[in-house]
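Both of the next two complexes hold chain A, though its partner changes from chain B to chain C.
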Partner chain A sequence: MPRRVAIVAAAPTRTSSHRTDVTYPELVYEAVSAALEQAGLQAADIDAVTYGSMDPFDGVFAPERWNVEACAGAGAAHRPLMKITTGGTTGGSTALAGYYHVASGLFDVVLAVASQRVGETLEAQLVLNTAIEPIYERWLGAGAITIAALQAVRHFWRYGTTEEDLALISVKNYENARRNPNAHLMRMLTAQDALNTRLVSWPLRLSDCCPSSDGACAIIFASEERARQIAERPAWVIGAGQITDNYWVGDRVWYEDWDSLSMLARRVYRQAKIQDPLAELDVAELYNAFTIQEIIEYEALGFCEKGKGAELIRRGVTTMQGQLPVCPSGGVLCTNPIGASGLIRVAEAALQVMGKADDRQVPGVKKALAHSWGAAIGFHTLMLLSSEAP
Partner chain B sequence: MTARVAIVGIGQTALTTAADDRQYHEHDFEAARLALADAGLDRGDLDTVICSGWDAVDGRTISDMHTAMSAGGYLKDSSHVGEDGIMALAYAYMRLTAGLFDVALVSAHGHAESSFETVSNVVFDPLFTRPLGQSHLVSLALQANAYLQRYGLSEEQASAVVVKNRDNGAGNPRAHLQQSVGMEEVLASDPVCYPLRALHCPPQSVGGVAIVFASEDAARRISDKPVWISGISWAIDSYDLGSKEISRLGSLATAAGKAYRMAGISDPVKDLDLAEVHDITAFHELMAYEALGMAPEGGAARLVEDGATALGGALPVNPSGGVLCANPYGAAGLIRAAEAAQQLRGDAGQRQVPGARRALAHGMSAPSGAAARTDCVLILEGG
Partner chain C sequence: MTQEEEIIIVPGRWDLPFRHTAGRVASHFLHALKDRRILALRCPRCRRVLVPPRPFCERCFVPLDDWVEVGQQGTLEAFTVCYARFTGLPDPPYCLSLVKLDGADTALQHLLGEVELEDVERMKQAVRIGMRVEAVWREEREGGIQDIRYFRPLP
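Showing the complex of A and B:
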């Protein structure tokens, strides 16, 4: 059995399409200093750092170097720092790396930081296109939006999901984001407004797609002994894992289902002894960069049967008042600093367990799930947090 | 007390100038196949795979979409570090000691599709240092010059490192440069960036390396010659060259101190049988001796003059020929661990240090040369 590990602080920054009010190191410092303050720790208390970002969006190669002193003075103190990059899952992978730093017994207090300035990118989809296999698939123009559109087309065809269902997902997330001061898009949106936004890649409309955001996030992981000293109500890690599917977009036949996520969910639920996720989880922060993905994630994560995802949102099960609120933060749909978004999911889940989610708090959260996906929808990470130690 | 972890499989490709018929992830594929064959394992035996690389150097976003598959990560719990492969090793070590996995593979590749030197300029902040043309090599030259000035080093003293390592590389069938060079040749090679001459600097090589690790029980089952990790530590340095003492390798000294404590080493020259260090330039091998506690400050050149670090000396350093003979950027650090482990298994052929039982491997992960470089130090022990 690994050591028990808990999150003792979680601090996402404010986000916008371009945080021109801060330099890159200042943005990272904003997240790190907020996390340290929340935990009541000093920079010197940090034993090691894990850092996530997807450099190609920043216009800076290896930005963790430039930002090294913003990470609790890691350079001057010659601390261990490890850079993680795994596409959209970068933030989730950075959290996992932070978890393993402590679980291994090598470190007691570890800072996980993720940042992204998509505002420095001329066009994020062009950057994403370079991820696609260069000989057969790249010239088709595939990027995150077009691949998500394929998922939607297949889901509509196979399961009868409609544009109106997607609009319900948008409305729920936009409404939640208005209670989250760190969200990027904070405005009223009705279902009719959503259906009136312009088509981006059929059947996805503008309101079905995430924005490009600048933002950062910091989390502090601690060993059992330190966690009990630092936090009154830490968020214990009771399950964690990631999975890597193949890289050929054309090799994934079932776009309407996310089988790699189902497989990962089974592994993580087994670790955490979860039998019925809909009944046992109190909140979920999912990586819903596109509305259709939230619906497919409900199914892959076992909140409902395959093909029944849209019914959950029609019945309001995943709204703030429902049985299992999904993305009280507004999710990736309303805020997407790409490499940081996965860590923000973990941070939001941790804040819910710690009872520190302010206006977006779901009452009495005991178990929270954080998810991220990345690459050409081939990577996933999951982290399950609990108010009770495993 | 952390659990024990051992190296049970090593795969290294040949290192060459260019591989026009390959994509970058194919180096990982060949190395991973070799490492699995060496361990007598199948892809299905792997529990976790950690790949490494820099998207900006590979010319792709999310370059691990490709390497994860090539290294056997399909549908496995896999991850990727944006660092030299030596840091993938550090991550795999933690995954195994946490007790959730038994067998891990790490892989790294170097691919000369882009000039590392050109790309490295983009590591520097866009406001102050990037417009100056600061780069990997320029920052290393500044550091070499600071060291040279501080201790009054002669050009011959630094060049003696090149002669030693190129001699060693001549005995390494996988090295990129396998020709010995004389002192006159080094001193007559083209100036690159003062005080560095062409032969003080490594080539840019292509190729891959992969290592299979296992937790204690699995290691004993898999291998009759496991190589145990008895010490490991890594540390990053400051970014701003103007606000630190650049004539010393501070992050390496810190990492070495912690790794020595973990492995119970008090006198590295006596306690170690060999070392593979990341000689990113000839000057940096000398600076590494001091950071690793093998020589007093300013005393490194003496070790080379006395032949102490040559094959047959008290502590041979870089019997493989080191990075000066083969430098796949992103894999050169992990290759240090592979070479050291091969020595401890007695598999190092012509470059074998007789009876080697304990070795140090030092890998540097530095997209930006001297600015915020990461040093990882491993202590390895034969069965």
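Showing the complex of A and C:
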């Protein structure tokens, strides 16, 4: 039986297109020291570290070596550190690894850190293209934008979703990001502004695509006994998991539906005893690197039926005033330090449950869901947090 | 240290040569392209015909050696048209497409050509999911995936 585990601190850093004020270890230090301070812990209290990044974006291979000095507990303190890389789900997997470390009973207090300096690469799309196999497909120039565009084209064709619907997703996230001091894009955007931005890959426009961001995030997981000592209101993990799908996108051309995410959601909701997610969840932090994905995620996560995702945003259900606010942080659409973004989702969900989300706080959050996707829309992670222990 | 002091940026660059083997299966497929033939492997268990061919079926987890030839015409399952220019990637606009060839159970990722792309409104009329397409071959073929120049709409 896994032990009960809670998050006792969650600290995303400020982000921007290039955090020129800090070196890489300083950026990580910013996240880790903030998490320690929030928990009232010292570096010596950390038993182990899980660390996530997607190396090539930084231009530094295996940055956990350079950054180990900033990972409290590891480095000079000689505790173990485990590196995680699973594409866009890197941050989500890093959270899962931290959770598993504590749930296993082998460690009591574990630091999960993820970082990425997408701002230090001058062409993120070229880096993404190196993730494609080189025999049949790399020459096509495919990357994250093109796979998201394929999802959009199929969703438009099958379900009648429109560019105007995507613009509503942009407007909602941009508005939310303006209340989040750690967001990268913090400007006003109207639906008309969104529809006037240039096409990147039909039907996705610039306002449908995430920026390249520098940022880091740290979370502290603790066993039940330690969590009750450390935090007055910790965020308990009541469900968690990861799922994978196959490599070849030509084998699964029904991009309008995210079947693997649906399967994972059913598994995680079963663990957490959730029957009606729209009614029972209070907030969701989804990995919406591209607007269309937020719509498909609504459907795959059971917030609505397949094909009805656009109706939720048209009706305002997922705005800050709606029944289930999605991405009060502004989401990945407004801030994307890639390998850290999945961990930021978990951090934002935890802050909501802990009542520490400041201006972006949704009132009275009891249950919060955090999601990430990666690997050419093949991988997903979910973590469900609650104000009450399972 | 003062706030006025300029932050120094140190340049970096990765320029690393690699070589990637195609292995026996993909090499056989690529050689056949020289003869304008598109080959696939059929799984003896699930009977799926896989393009591009791979040495084993990941669903059934068995090795594959039942080569079959698939059609040069197929159906457009999905597409996107890239309009943005990215360093080191193909010049825009280009249409990335997924084509399910006749006789295959999976789609091949390739380019769509001989269609209007520059004008978005005309592109939306010209390129549609479900349209029939056919392979257009290069005159000089050297055993690579680009021996197929692109797919084009059937009249």
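Here is the rule we use: the second predicted complex is superposed on the first by the 389 of 390 C-alpha atoms of A that agree within 3 Å, B and C clash if a C-alpha of one lies under 4 Å from a C-alpha of the other, contacts with A are read in each partner's own complex, and residues count from 1 in each chain.
Criterion: a contact is a pair of C-beta atoms (placed from the backbone, for glycine too) under 8 Å apart; a residue touches a chain by one contact, two chains touch by 3 or more.
If you're wondering where the values come from, they're calculated on a predicted model, not measured in any experiment.
Novice: Per the contact definition in the header, classify A:Glu123: touching chain B only (first), chain C only (second), both, or neither.
Specialist: second
Novice: After lining up the shared chain so the two structures overlap, which partner does A:Asn246 touch, if you call chain B first and chain C second: first, second, both or neither?
Specialist: In the superposed model, A:Asn246 contacts both chain B and chain C.
Novice: Output check: A:Arg198 vs chain B and chain C. Expected answer is one of first, second, both, neither. What do you get?
Specialist: In the superposition, A:Arg198 contacts chain C only.
Novice: Which chain, chain B or chain C, ends up touching more residues of chain A in the combined arrangement?
Specialist: B
Novice: Is A:Ala149 in contact with chain B, with chain C, with both, or with neither (first, second, both, neither)?
Specialist: Touch partner of A:Ala149: chain C, not chain B.
Novice: Starting from the residues of chain A touching chain B, keep only those that also touch chain C in the other complex, and list them.
Specialist: Shared contact residues on chain A (touching chain B in one complex, chain C in the other): 56, 59, 134, 246.
Novice: Along chain C, where are the residues that touch chain A in the complex?
Specialist: Touch residues, chain C against chain A: 7, 9, 12-14, 18, 20, 22, 26, 50-52, 54, 58, 77-84, 86-90, 94, 96, 98, 100, 106-111, 120, 123-124, 129, 145-146.
Novice: Residue numbers of chain A touching chain B in their complex, please.
Specialist: Within the complex, chain A touches chain B at residues 1-3, 23-24, 54-56, 59-62, 64-66, 68-69, 74-76, 78-87, 93, 96-97, 100-101, 103-106, 127-128, 130-131, 133-134, 241-247, 260, 263, 267, 374-376, 378-379.
Novice: Applying the document's contact rule, which stretches of chain B touch chain A when the two form their complex?
Specialist: The contact residues of chain B facing chain A are 1-2, 23, 49, 54-56, 59-62, 64-66, 68-69, 73-83, 87, 90-91, 93-95, 97-100, 119-120, 122-127, 233-240, 244, 250-251, 254-255, 367-368, 371-372, 374.
Novice: Chain C touches which residues of chain A in the complex?
Specialist: Checking each residue of chain A against chain C gives 20-21, 56, 59, 120, 122-123, 125-126, 129, 134-137, 139-143, 145-146, 149-150, 152-154, 157, 198-204, 246, 248-251, 253, 255.
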